[in-house]
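In the two complexes that follow, chain A is the common piece, with chain B as its partner first and chain C second.
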Partner chain A sequence: MASITRASVSMPSLSTSVNQSQRRISGMNSVSFPVSGRSMIPSLRLQRGLQVCCAAKQETVDKVVAIVKKQLALPADAAVNGESKFAALGADSLDTVEIVMGLEEEFDITVEEESAQSITTVQEAADMIEKLVEK
Partner chain B sequence: MASTSVSKGQILSLYRSFLRTARQFRDYNIREYTKRRTVDGFRQNRGLTDPSSISAAFSEAKSQLDVAKRQAVVYSLYAPDIRSVMETDLKVIVERT
Partner chain C sequence: MLSFLRRSYLNFSFMNPHYCCLSRNFSAALPPLLPVQLPSRMETHLWYVVPDEVKSAPLLSKYMELLPQYERDHVLGFRGDQLQKSALLARTLVRTTIARYQVDDHLDPRSLRFKRNIHGKPEVEWETKDGFCPPPLQFNISHTSSLVACGVTMNSLIGIDVEEKRRRTKNNILAFAKRYFTAHEVEHLNAIPDSELQQQEFIKLWTLKEAYVKALGKGFSSSPFNTFTIRASSGIAVETLDSPQNLTNNWQFALLELMGSHYVAICLERQETGGAGKALPIKLTARKTIPFVEDELVSGTNAVVTIGGSVTQF
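Showing the complex of A and B:
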């Protein structure tokens, strides 16, 4: 059971964009997979090539918004979109660092110092994530 | 310490280094403690305005970062095989039963 748990936990690093389509289909708001998760693994790899690349997909922005809300302890219905500035939402520089760290863990990327200090809005964070995930 | 005043960027870099070091721990307890302690420690000293007290707090934080890095190496020598129950994904377990 432990090995299966591990597989489900490390799934996001495979392909976050495919994760999103899974989410939409099943309507679940979490990273875990339905019971038949094991049989779905080969099909995930096939779907990977069908994703269209553009500037900051909506799913990425949604994920960033979720992490920001969790970090700043905002209510679920707070109006946070791509243009929201972290400072306007009540985040200080320490909160911004924690948000960037949370994004690093969520998307399995590493952000350098200079890029991390220049992020001020949700959209900038999403664009940077897209750029790093593509590599 | 060549410069007498510590810049905001240096403090944020130190904060980031702490959180990165915390991630290296495989043990759930020490990892969460490191994260919690850095957040608490940095927030507690947020309101400092006097440059000498700021640099004193900064150098203390730097020595603590060295401690954390050393401990990360030591802990990795005896990394646990079993993950803590806090890290198990309960949703997967519930769905499978």
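Showing the complex of A and C:
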């Protein structure tokens, strides 16, 4: 697909996650690519009639919340959920990159910088993780 | 530590920055902003606010009133007083600073409009009026909870980044650098035996890299941190991976230590060179400010120490 070709040209580290996405397209319901592929989603929807992504498991969200709280030194009882925005919680760009690095270690995934920059909420991070983790 | 600070007092009756005086006087409207001269083509202006020094609740409410609703909502969207305060001060600083340059005779900080370029970099959206030619004013903001800064130039693209000197990463520095920086930068950090110094070098490198990407204004995805190296041996320069032999001469850098507590990295598009392509130093004017209250010219004092790059302070 043109989108995957473009992805693999610009981001050589992406090969594993791209293959996962290809398998997802063939029959499943999630179409978000772990790349700056927002422009890809509408065309895929038209072509495949697929649903846009399903929400990540609560367990994943909870793990992301824990990593975010740790990075930002928030109290354990701070109200952080899927909708929470990293920036609103006080994350600057260094924090965001550190959070992504923490997610990579926790879930054994690789997140390229383009995606890292486009994750703004806990839910977005959790959704991205699930796509990268699925094999 | 007492440093010699040159104060340029504004002509207001409430110069005493004690809380009671401010609260009494700020029940009325804010005074007009004192104009400031635009930077010349070769100059860079650095303005900064120390949030801890802005204590007046009435003054902060007045700042809030300067903002359009969507910016107020954005400020209030931050979690907690400290974050909201630095977000408010960042918007206030950029609006009041630009307004003070009196680009358009009756420029009101409230009426300034901002937009984002196609890559998301904030810019002023000047009014299109007959006979009004918008100036090539460039600006960039950076803030932490303890410092809010704004850099301004005429014409040169600018990126700035500020960070507390004692900022600690949660991850191991070398692990982080191996993941996100270039091999040369990892080598540079690895060669530093003292962990405290290594931490500081990391923060300096981080702010310089951020400043570069912000100056480029094309968003982080166009320049991932591992695609360019900041070399800071003699002077500071950037080298992009796609043209390694050719140190990118378009950009010049300054690294400052502010108030002994913060690093400020500035990246500027190079405008002119001296003879034989040699870079001219950055001409810097630094002012600490509390909008509507006071300015202090601090360049050339202990408050602003050049620790990297070629800088002349005025």
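Everything that follows uses one rule, which is that the second predicted complex is superposed on the first by the 80 of 135 C-alpha atoms of A that agree within 3 Å, B and C clash if a C-alpha of one lies under 4 Å from a C-alpha of the other, contacts with A are read in each partner's own complex, and residues count from 1 in each chain.
To be clear about the criterion, a residue touches a chain if its C-beta (ideal position, glycine included) is under 8 Å from a C-beta of that chain, and two chains touch if they have at least 3 such contacts.
These numbers were taken from a predicted model, which means no experiment stands behind them.
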Partner chain(s) touched by A:Q117 [first = chain B, second = chain C, both, neither]: both
Contacts of A:Q58 with chain B and chain C, given as first, second, both or neither: neither
First (chain B), second (chain C), both or neither touched by A:N81: neither
Partner chain(s) touched by A:G90 [first = chain B, second = chain C, both, neither]: second
First (chain B), second (chain C), both or neither touched by A:Q71: second
Common interface positions of chain A, toward chain B and toward chain C: 92-94, 97-98, 101, 113, 117
Chain A contact footprint on chain B (complex, rising order): 8-9, 12-13, 15-16, 19-20, 23, 39, 42-43, 46, 82-83, 87-89, 91-93, 95-96
Interfacial residue positions of chain C with respect to chain A in the complex: 77-80, 83, 144-145, 163, 167, 169-171, 175-176, 179-180, 206, 210, 219-221, 224-226
Residue ranges of chain A in contact with chain C within the complex: 36, 70-71, 85, 87-90, 92-94, 97-98, 101-102, 104, 112-114, 117-118
Chain B-facing residues of chain A, complex: 1-2, 4-5, 8-9, 30, 32-35, 37, 92-94, 97-98, 100-101, 105, 113, 116-117
